[in-house]
Every structure is written in C-alpha cells, then in structure tokens.
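Look for subunit A in each of the two complexes below; its partner is subunit B in the first and subunit C in the second.
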Partner chain A sequence: MTRVTTTWTTHGTTSAALRALAAEGATGALSGERGVVYLSAGRVVHVESAFTPDLGTLLTRSGAVEPDGWRAAVDGGGRQHRVGRRLVDSGRLAAGALEVCHLGALFDAAYFVLAHDTRPRRFRPGAVHWLGAVRPVPVDVVVRESRRRRALLERIWPDPDIDIAPLTRAAGADPADLPRRRSRTLTQVDGVRTAADIAAALACRTYHTLVELRRLAAAGLVTAAPPAPVTAGPGPGPGAVAWDDPDTALLRRLRDALEAL
Partner chain B sequence: MANLETSLKECLSSIDGASAAALVDYTSGMALGTLGGTKDFNLEVAAAGNTDVVRAKLRTMELLGLKEEIEDILITLSSQYHLIRLIKGRGGNGLFLYLVLDASRANLAMARHQLRRIENELEV
Partner chain C sequence: MPGIDESLLEAMRLPGARGASLVDWISGLALGAVGDAPGGDLEATAAETAELARHVAESGSLAQGGETAAPDKEPPVEDMIVTTADSYHLLRFVSTPFESTVFLHLWLDRNDGNLALARIRLAEMADRLVLG
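== the complex of A and B ==
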C-alpha cells in the first residue's frame, strides 16, 4: 500500500487535495461534498456521485448488459475488485465499450465533485473500488475537464440548481416542437425528478442530459423547482446533510466481508 | 476483444493512409482516446475543433427539420481527408471517431467500411 504523507486536509479544495495526493502517487478514496474520487498510484480510477447514475445503471438500463449479468459480475468479481474485468472476460461487454462507458460515468461524477470545488471531507488510504481499474486518468485531466464542463454549462444557462434540484416543466411546454434529444429529455421532467433521475431513465450520460436541460431552461421550458426545506441553501454552515454520501463502496465491502464469514 | 487503445491502433493499422485517430465526446469536446498525433498535429485541439463541426451540422439539421442521423462527415483538404464517423449506440451516446487520412494513399470506401467495423467494438 502506498504510504501517504500529505496532510491533505490543509488543502481548501477537493481539486487541490487530489493534485497533492496524485503528486505522491497515493492510492485511496477522497470524499468530497458531492462524491468520492478513487485514486490508484496517483491516477483517478473511478468517481462516484449520488448526483449521477452509476455505471451499472447506465449499462443495464441501456440494455448493453442484462441486469442478471451485471449482478453476476458484481457478485463474482466485487471482492477481488475485478467487476470490470469479469464483464469483459465473460463476454458480456467488449473491452472498448466498457472503457467508453466507464469514462463517461467517471467524468460525469467528477463534474459534480469538482465543478463546485469545496473542501474535501476525508481520505481513506488504500481504499480500492470494487469495479477495479478500467482506464486510469491523470488527475489534471479530470480537474481540467470538470472545469471546462462547468464553463460550457454556464454559457448555455447559468443556473447550477438545474443540475441537482427536482425540475418542473413550464406550462405549455410541448416536447413535440423540439429536436428529438431535447424532446426526450423534456418528457421526463415531471416536478419530482432531478437531472440524475432523468439521465438514469433515459440511460443517457448525465452531462449530455445537463446540456439538454440547461438548453430547455434557457428557452424557459424548464425551471428548478423550489428546493424542499431539507436540501435548501447552498450557503455555508453545517449543510449538505441531506446529501451525505452513503459510501457505497464501504457498504459493499462490509456486505462482502459478512458473506465471507 | 478490443479495448479503446487497440481499436484506435486498428484504425491506423488496418486503414490505408490513416495517420491519426481519436474517439471524441461531441457534447463536451473531450477526446476519450487519441493515437498518432504529432507535435505539429495536436489531436486534442482537432478533437475540440471538430466537435464544433459536428454540433454545427446537427444544429443545421434541427433547423431544417431533418430527422435523419449523420453517418459520417468527410472533409477534403488538398493532401488529406478528415473523416468523422458518429458512433450510434443505443440512445445515441454522443461520440465520434475522427480519422486523418493521407489523400494519396487512402481508399475512402474501404476506410468507411473499416471504420464501421471498428465502431461496432466500441458501441454500448
């Protein structure tokens, strides 16, 4: 296991902490306010965020992998952190398709973790994601891309609430008048679903969904519904309780450990 | 089964006259993988720039009310072809393969055929 010497807590932002960890070739999981970044030897191997559908959801909802096949790969390979390899070795998915889909999920989640670059919460040295390394990406690339995506979205319509709040369709907004992709997105807007729910329902990358939603917002067809009191307030303070990440990797490892008893 | 790296390598080795290839996300302009770029030919820049080409054409088709899909876009320079092939995939995954070909050595029909085959390995 890599020895971590950095006092990563001295860094005020998740991206600065990531860069410091990358510089010393760290392995482990860094939790930010909106998700967890997994590093292996200083490179990003996976990112998870509650604001984006995970790889399993994307693969199974799109029909690329049968739900049973996904579960078999997770059950069979989760403990050895080789779920990705299992999917490919068992012939369920081409290696290239897995990489493409995995990178999509990784950058989608990274946008949420890094675009609102807040103070990191904790680093668990040595933590490994159950998916296993698919295609590691340098920290700099992930940070740069997340910022670029934020800038692109801001240019379309500068309302970051669209990314996370339940969305409401404006009265009279008719999907039939729109290009296909935007129309598909608009039909999913029902006053309850968030961008992540819509992306999952359409089995579409979250960032692509965010682009369509911001365009719809710019056209006045979609608004972020008033946030419920629990999730309210982007301001400082103890907040973010409602979005506390459940650390699924830890839960899965716990489950695996219990099963192994 | 081919991974991203080998798919791009296959583009360069199996397609006559191919000198560079990239797999690009045209919603964000990010290159997911590149191969064969040189100091004089920055594939990251080409990826971002050609994203604008794809987006402009998609927007034009929207404005014209055309419901068809773009299969590929060919840009003919005096000594090169640039071929952009949109990867379909279920639900349209917003990716294209970008290929730089030497015009004097390339066989466009063969290049298209090979790209279609390689595309199948990346489709989700």
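== the complex of A and C ==
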C-alpha cells in the first residue's frame, strides 16, 4: 500500500493539500467542498463533482457510446478499475476520443472543486477510481487551469451563482436572435434547471455551458433565480437533489427518518 | 489505436515540424503538446490560438457551412492557416463523436515544411485520433 503522511490536513485549501499530496506521490481520493479529486502516484487521474455531468452521461447522451455498451464496460471493468481501457479494447470508443472526453470531464469537475478553494474535507489513502488511469495530469496544471477558468468566466460576467443556481430566462429573451450554441443553451433555461442540468440535457461540456450562460447573463437574458422556498413536505422534491449540498441532503434524510419514527 | 500523444508525435514526424498540440478552443486548454511553442510558452500559445479559432468557429460569415445532420459534432470550419516570415501555423478542427471543440495545431518551419502535405496528413491524423 501507499504510505501517506497526514500533512495534507495542515493545509487550509484543497489546492494546497493537493500540492502536498502530489509532492508525496500519494494515491487516493481527496474530498473538497464541491467534489472529489483522485490521485495516483501524485498525479490527478480523475475528478468528480455533483455540479457537472460525469463521463458516462456525456458519452451516452451524445451518442458516442451506446448506453448498453457503457454499462457492459462498467460491469466488466469496474472492479479492476479498468473501465476506460475496456471501452477502448472492446472497440466502443477510439483511444483519442476517450482521452479528449475524459480530460473534458476532469477539468470541468476540477473547476468546481478548485475555483472555490476551500478547506479539504478528507483524504482516503489508496482509493482508486473505477474508470482507471486514462491520461494522468500533474496537480499544478489542474490547479492553474481551474484558476484561469475562474478568471475567464469572471471577465465575461462576474456572477458565480450562475454556475450552481437554478436559472431563469428574462422576459422576452428570444433564442432565435442568437448564435446557435448560445441559442441552444438559452432554450434549456426554465427557472428550474442548473448549469449542470443544462449541460447534461445538451450532452455538452459544463465549462462550455458556463461560458454561454455567463454570456447570456451579461446580455441580461439569464439570471440566477432566487432560491426556491423550502417546502415542509415529505422530503425534497425530485429536482432538488441536483443543487443540494450532499451533506445537507443527508441531514434532511436523517431528519425525515427520525421524524418518521 | 493512437491516443493524443501518439497523434502529436506522428505530426512531429512531418518535415519541418517544430511543435504540435491539441487544444480546446472554448477553454484554451492544451490537452497535449509536444515539441516547441513560438515564444517558448505552450500554455500561452494554446490560449491565444484558441481565441482565434473560437472567433472563426463562431463567425457568422467565415463559418457559414451548410446545415449538417449533426451540427454539434461537425466543426463549422476545417482548417485555419497562418503564415509568418519563417513559419506556418496549421490548425485542423477535429470532428469528435461528442460535441466537437478541439483542434490540432501544427507549427511548421517554412523552409523545410510542405504545407499542402501537412494539411492532408493532419486531416488524416485528426480522423484517426477520434475514430481509431
């Protein structure tokens, strides 16, 4: 097993903890406030965030891989942490296509974990992602790119709520007047969906969706909707899970379970 | 079946090749790079080239292709070519089986490079990268 010291806990931000773990050549999963970064021998092999659709969603919704083919690769390669390899070896996806889509998902999720660089929550030494190592990236590159993206988005329209909140279309905003990519994004804005929902619906990379949404916000066509009032009903509604903080959702379920006793 | 690095190394075998990279034209991120970059800064080159590619790809006049069956998967532009006193820059948009937002960038020495040959080869490499 990998020997890992616990120096990461002394760091106040997820990026600083990642750099410390990279210097140790650590393998495992570091959880931040908005997602999990998987390291292998000190390099980033995958990042997951609830604020971005995952690789499987991107590949199957876009039609690049049949849902059955994706499930077969996950069933067949998941336990050995070789799902990526399995997709390529079975001829379902070209190696280059997997790398391009994987890196897209990795950097999209990393933006959410690292752009709001808060204190890391925990590190699970030795944890390995089921996808397997497709194209490991140095920690420094991931941290630098996440900050660059935050600056790029700020320059378009400085409202970080656009990234995570349900979005509302301004009255009279007409998709027909816009470039195709932006118009397609605007048609998905319905007062309920978040950027992640829209990206998943369009099988579109989240960062690319954020760029279009911030441009739409800058043009006054889209705003972050005020948070919906919490209804005192039996548990959260079907759409609520998407933008709930995972721990809040867990606490609510616990509360509901206790009340039901 | 080539991955990103194998494709870039293959591009570097073309006569006069100085540097090759695969860049996302929306974020400006280099997904892979080999060889040199003009000015020595690969990341800056990727970000600047991506900005140029994005303007052309989103241009109402330059990228006015016909309506294709899958407009998201077919890049609106095939190549872009920039020439300088001593080099060529060849950008080939890659058609991926999901949303297409990457291009191959080949930096060629003008004395040793063959632009016509490089254009044909880069198009073949772009296809093999994503189709196997």
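FYI, the second predicted complex is superposed on the first by the 226 of 261 C-alpha atoms of A that agree within 3 Å, B and C clash if a C-alpha of one lies under 4 Å from a C-alpha of the other, contacts with A are read in each partner's own complex, and residues count from 1 in each chain.
In this section, contacts are C-beta pairs under 8 Å (C-beta built on N, C-alpha and C of every residue); 3 or more make two chains touch, one makes a residue touch a chain.
Here the structure is a predicted model, which means the values were calculated and not measured.
Superposition model on subunit A: subunit B and subunit C are shown in a clashing arrangement. In the superposition on chain A, A:180 contacts both subunit B and subunit C. In the superposition on chain A, A:192 contacts neither subunit B nor subunit C.
In the superposed model, A:205 lies in contact with both subunit B and subunit C. In the superposed model, A:151 lies in contact with neither subunit B nor subunit C. Residues 59, 62-64, 88, 91, 94-97, 99-101, 103-104, 107, 135, 145, 148-149, 152, 179-181, 203-205, 207-208, 211 of subunit A lie at the contact with subunit B in one complex and at the contact with subunit C in the other. For subunit B in complex with subunit A, the residues that touch the partner chain are 1-4, 6-7, 23, 25, 27-30, 32-33, 62, 67, 90-95, 121-124. The touching residues of subunit C, counted against subunit A in their complex, run 1-4, 7, 22, 24, 26-29, 31-32, 43, 47, 58, 60, 71-73, 94, 96-99, 101-102, 128-132. Chain contact summary for the complex, subunit A toward subunit B: residues 59, 62-64, 88, 91, 94-101, 103-104, 107, 135, 145, 148-149, 152, 179-181, 202-205, 207-208, 211. On the subunit A side of its complex with subunit C, the touching residues are 58-59, 62-64, 88, 91, 93-97, 99-101, 103-104, 107, 135, 144-145, 148-149, 152, 179-181, 203-205, 207-208, 211.
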